[in-house]
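Next up, some structures in structure tokens.
Same chain, two partners: subunit A is paired with subunit B first, then with subunit C.
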Partner chain A sequence: MNQPALLSKQNIIFAILLVVLVAFPFVADSRTLTILLTQIFIFGILAMSYDILLGYTGIVSFGHAMFFGIGAYSTAIMLKEIQPTIPVFIGSIVVGMVLAGILSFFVGLLTLRLKSHFFAMLTLAISGLLLVVAEKWRSVTKGNDGFTFRAPDVFKDRIVFYFCVLACLVIVFLILRRFVNSPLGRVLIAIRENEQRTRSLGFKTLHYKVISSIVAGVIASLAGSLYAISLRFVNTSMMTMDITLDALLMTIIGGVGTLVGPLVGSVVIEFAQHYLSGLARDYPIFERWIIFFGIIYILAVVFFPKGIVGSILTKISKWKQRDQVPLPESKERSK
Partner chain B sequence: MDLLISLVINGLATGMLIFLLAAGLTLIFGLMDVLNFAHGGLFVWGAYTGVVTYAYTESFLIGIVVSILTGIILGFIMEKLIITPVYGNHVQQILITLGFMLVLQEMIKVAFGPNAIPVTVPSYLAGSWEIGEVIVIKYRVFIIVVGFIIFGIFHYILTRTKIGLIVRAGVINKEMVQALGINIKRVFLFVFMTGASLAALGGMLMAPYSGSIYAEMGMEFAILGFIVVVIGGMGSFSGSLLAAILVGLAGSFMAYYVPYLSLAVNMILMAIVLIFRPQGLFSMIRREST
Partner chain C sequence: MEPIIRTENLSIQFGGHKAVDKVNFEMPEKHFKSIIGPNGAGKTTFFNLISGELKPTEGDVFFKGQSIAKLSSIERTRIGLGRSFQITNVFPNLTVLENVRLAVQSKEKVRFHFLKHYLHYKKITEKAVELLDQVLLSNKIHAIASQLSHGEKRKLEIAMLLALDTEVLLLDEPTAGMSLEEVPAILEVIKSIKEQGNKTILLIEHKMDMILDLSDSIMVLFNGKLLADGTPTEIMNNTTVQNAYLGGLYDGELVETS
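For the complex of A and B:
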């Protein structure tokens, strides 16, 4: 790729991780863990797409769940109405992505001109509106009750689905890494650091922000499609604020402005959710595990704005700086 | 005719409750440039502490006092711990106040249990009057009266007293106020605590009106509060009253005539305002939209 020297070490780590993950289902014969990992991958995709907005472009959207929901619903509806086969499944992913892309284009065009406060509020309102539509349009969505559908037969095997999701994760990761390292991605980072200066350099920042929101929306729709398959059920809870909050927590705790960060966040949050709700039988306080994450999240925003991965990267680059030229990697978020 | 009157009363009562929430939001935003996404949390905490006290002491008045006190205390803690560290950074403000909202909402479930708590109207406010063919529910009138009294008091404070003068000047240009030797930080704290107590009071008044309280209602009402703030104009106190009444009336009429659109209409209203007049309908500050 374009940065061979830097990437070689990284790539080796990624390759080792990938081999471990590929070997995992054959080594460990644990159904729960396989399902949990699948979940982690799906939310990792969602959190990465959210980080394109929050970490790379520096805009806070509270409406990310609507793209997730669009993906979930288009997959569920097409598999139920046409037939549960692989081509239909792939087609439904494409349909979901196109719909999400169109929607995010219009939402972005309307809202991204506004200041961050208004943007956050308006995305919240639009996703709320879409949620109401989904709840009222009962003939298609079955409202809050949702509906079950048959997944393609191949996915009956949890391990096959595990590999499918893992493949999606790797592909999305590679595409997004290429995206954020491209000149376009650099402009997005410039917008995050100082929008006014970027504009005075001659970039039409609105265009770039809309592109960023389209990319994020399309990827979120993919995550939604996969999530619908993993549950074989959809209802309107997939479009609620909770999904956006999950993505937000994962991104903030894992580390904004990196692609690995949201993945780490997804691992941390999903595992914690799994084990803390297990503990809840003995200690009822753990039923409200989200409190701990809320507090960690607040502390992270104040003290570690770069999250787990960002803080580690800063440490590493500082350590390296002692005997080498400074790395351009650790970028301070705008204060 | 009687239908029209009861719809108007309904809308006004809801509007007043939203106004109590939005008044704090709009002043905090206008003065401090902070959009408090945790405002709904204060609303719920006011409702829960007030209702629990009301259930213990069987006095609605003590419940109201306790809910206001809760609002003041929470407002103080929040301003000191949550708002001050991220002052001036919009993205962090949005993130941190939303996180605090999450914590407040979950703490409600820990402290008071996750189930909805039923609330009854105190006996002296229960029942209704019959005027001709119109049935007027007493409690709704009570809310409207309280809302107007509070508006009157704060309108007086804002326009006739020194502190009001400082707040209004701060909304328009806070650097200038600071340059004149006024400790704007203390004014911030005062406004924040006042806004928090208004939100808590709104929650408490809301409880008997809707009949039950639950942890998630904070976010639902906060969204309405945001809509009102946007429509009324950031920092405009009277604008938030007018917009709250507008939203309340639109909600009650739509809920009767076109129930499908009842929630959507406010969102659409806000979207239109934001796109064509981002500073709000009644705003007195001129601030560029980008």
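For the complex of A and C:
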């Protein structure tokens, strides 16, 4: 019931983590690791946006990649067609966000009236449609071949880009944390828990679901813009199901319904991808690293159904409860 | 005085089955009315028609003289018709306080606010705590709703209903499935609401002693039809009601109560 303190344990941990991440490029002079971390941040943003849908509002969407793709293409096209400067880059992020916002508004409006799995199917269909458009509209997107473009010169320095992405991550994290902890966010959680009951309390749940869909879409578009810059290349693979599945798995493995969860999931999956595929040089079997990946997924879902962060939180709350009031059963167990 | 709720030939048909059949009833403001009738008499369906969960196939519902048949259940809640459900229907994984806070939030019209942390809305929390006090749940404030006993869930349900602060309360069997020792507490809670005197209450119940204790009037539904409507004494002495519902079972007690 206390008001959230600025200097809570949680915030202190975040601050320490942030200091470590800021110091990292100066301490460790590893280009690969810097790039990998940048990648982790970008997918962390994407996974967090996905968690607004999946973990907070309880909506399963299989079309999240389309917003990611919209961001990526907006940035790539604008930087190539206008000029590779920072203002254009920022403009392209805004354009991507607006487009993604509009699209997610209509997707939300049209499809959120449906029950969960039908919604999932429809998002899959719409993103499939968009993928086909991107593939066929060759004059703009160059189809499946994609195209390269020049990033703004400042970003040639990987460390600058690292900081730029880190800043985006921190800002998005803070905004989303405020968002989910606001009265509006509480209603989203209520919808996840029991939509019919939320409605009977007098909330128009469709409005909330559309808002959630827009927020998730806009943030995913930001992640897409950053991703395009990191590769300096864009093609239709950024809109495929793989991206959605990555976001989905990061969220599930990390822990749905928390914002830290997707970040942890992003770390785990990106590292696993990186090292498992790296092992292929020594052990040929790892050329099929996807198999091992699948095993990791299965194990994670079986042993951490609430995700890594979710499981840890449950442990902590159980541990705290045991300290407070010893339940009769737990007493017997401790004997 | 204008009745707060009135129905006109209210009917609903599921296929060939008339679940509610031409029910005409009205109740004045700040009145306590109970609905009785055997299982399947259409009591809950009647509730659903009033609260907007179902749309009538025929007839109309009036709230303060206005037809509300076209309003959805959300809109009806907003204008002042709140209902509790027969099956407890709370947010299972949220705490008791969180459950009530959401209801208060709806009442206070804090709907799309996203700039401030929800705990900064102190008034909402305070109101929620107060309501939990009223329904005798203040010792369970931080418990997860799914871990409550059935009786406690019903209390929580009532707290959420009260939080909406609607003029009319539709209580659908608040003691259903409750153990005997939990019933008096609920009775206590409902009594305290009644004694505050600013609510119109419509109650579906099976426990006759409780109904006789609380009600200003009783209506009897039987096979979807309104069989009788009157003061408790009138109803208990009504021979049609005795035959249809009470089946003579209460004959012995009747003499004492009336």
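Convention: the second predicted complex is superposed on the first by the 296 of 335 C-alpha atoms of A that agree within 3 Å, B and C clash if a C-alpha of one lies under 4 Å from a C-alpha of the other, contacts with A are read in each partner's own complex, and residues count from 1 in each chain.
Here is the rule we go by: contacts are C-beta pairs under 8 Å (C-beta built on N, C-alpha and C of every residue); 3 or more make two chains touch, one makes a residue touch a chain.
The structure displayed is predicted, hence computed values, not measured ones.
When subunit B and subunit C are set side by side, the one touching more residues of subunit A is B.
With both structures placed on the common chain, the touch criterion links A:Ile291 to subunit B but leaves subunit C unconnected. In the superposition on chain A, A:Phe89 contacts neither subunit B nor subunit C.
When the shared chain is aligned, no partner comes close enough to touch A:Tyr162: not subunit B, not subunit C.
Of the two partner chains, neither subunit B nor subunit C is touched by A:Tyr50. With both structures placed on the common chain, the touch criterion links A:Ile252 to subunit B but leaves subunit C unconnected.
Shared interface residues of subunit A (contacting subunit B in one complex, subunit C in the other): none.
Across the complex, subunit B meets subunit A through its residues 29, 35, 37, 82, 85-86, 89-92, 94-96, 98-100, 102-103, 106-107, 109-110, 219, 223, 226-227, 230, 260, 263-264, 267-268, 270-271, 274-275, 278, 289-290. If you check the complex, the residues on subunit A that touch subunit C are 1-4, 178-179, 181-187, 189-190, 193-194, 196-204, 207, 211. Listing the residues of subunit A that touch subunit B in their complex gives 54, 58-60, 62, 110-111, 113-118, 120-122, 124-126, 128-129, 132-133, 136, 241, 245, 248, 252, 285, 288, 290-291, 293-295, 297-298, 301-302, 305, 334-335. Considering their complex, residues 73-74, 77-78, 83, 85, 89-94, 97-98, 101-103, 105-107, 110-122, 124-125, 129, 160, 164 of subunit C touch subunit A.
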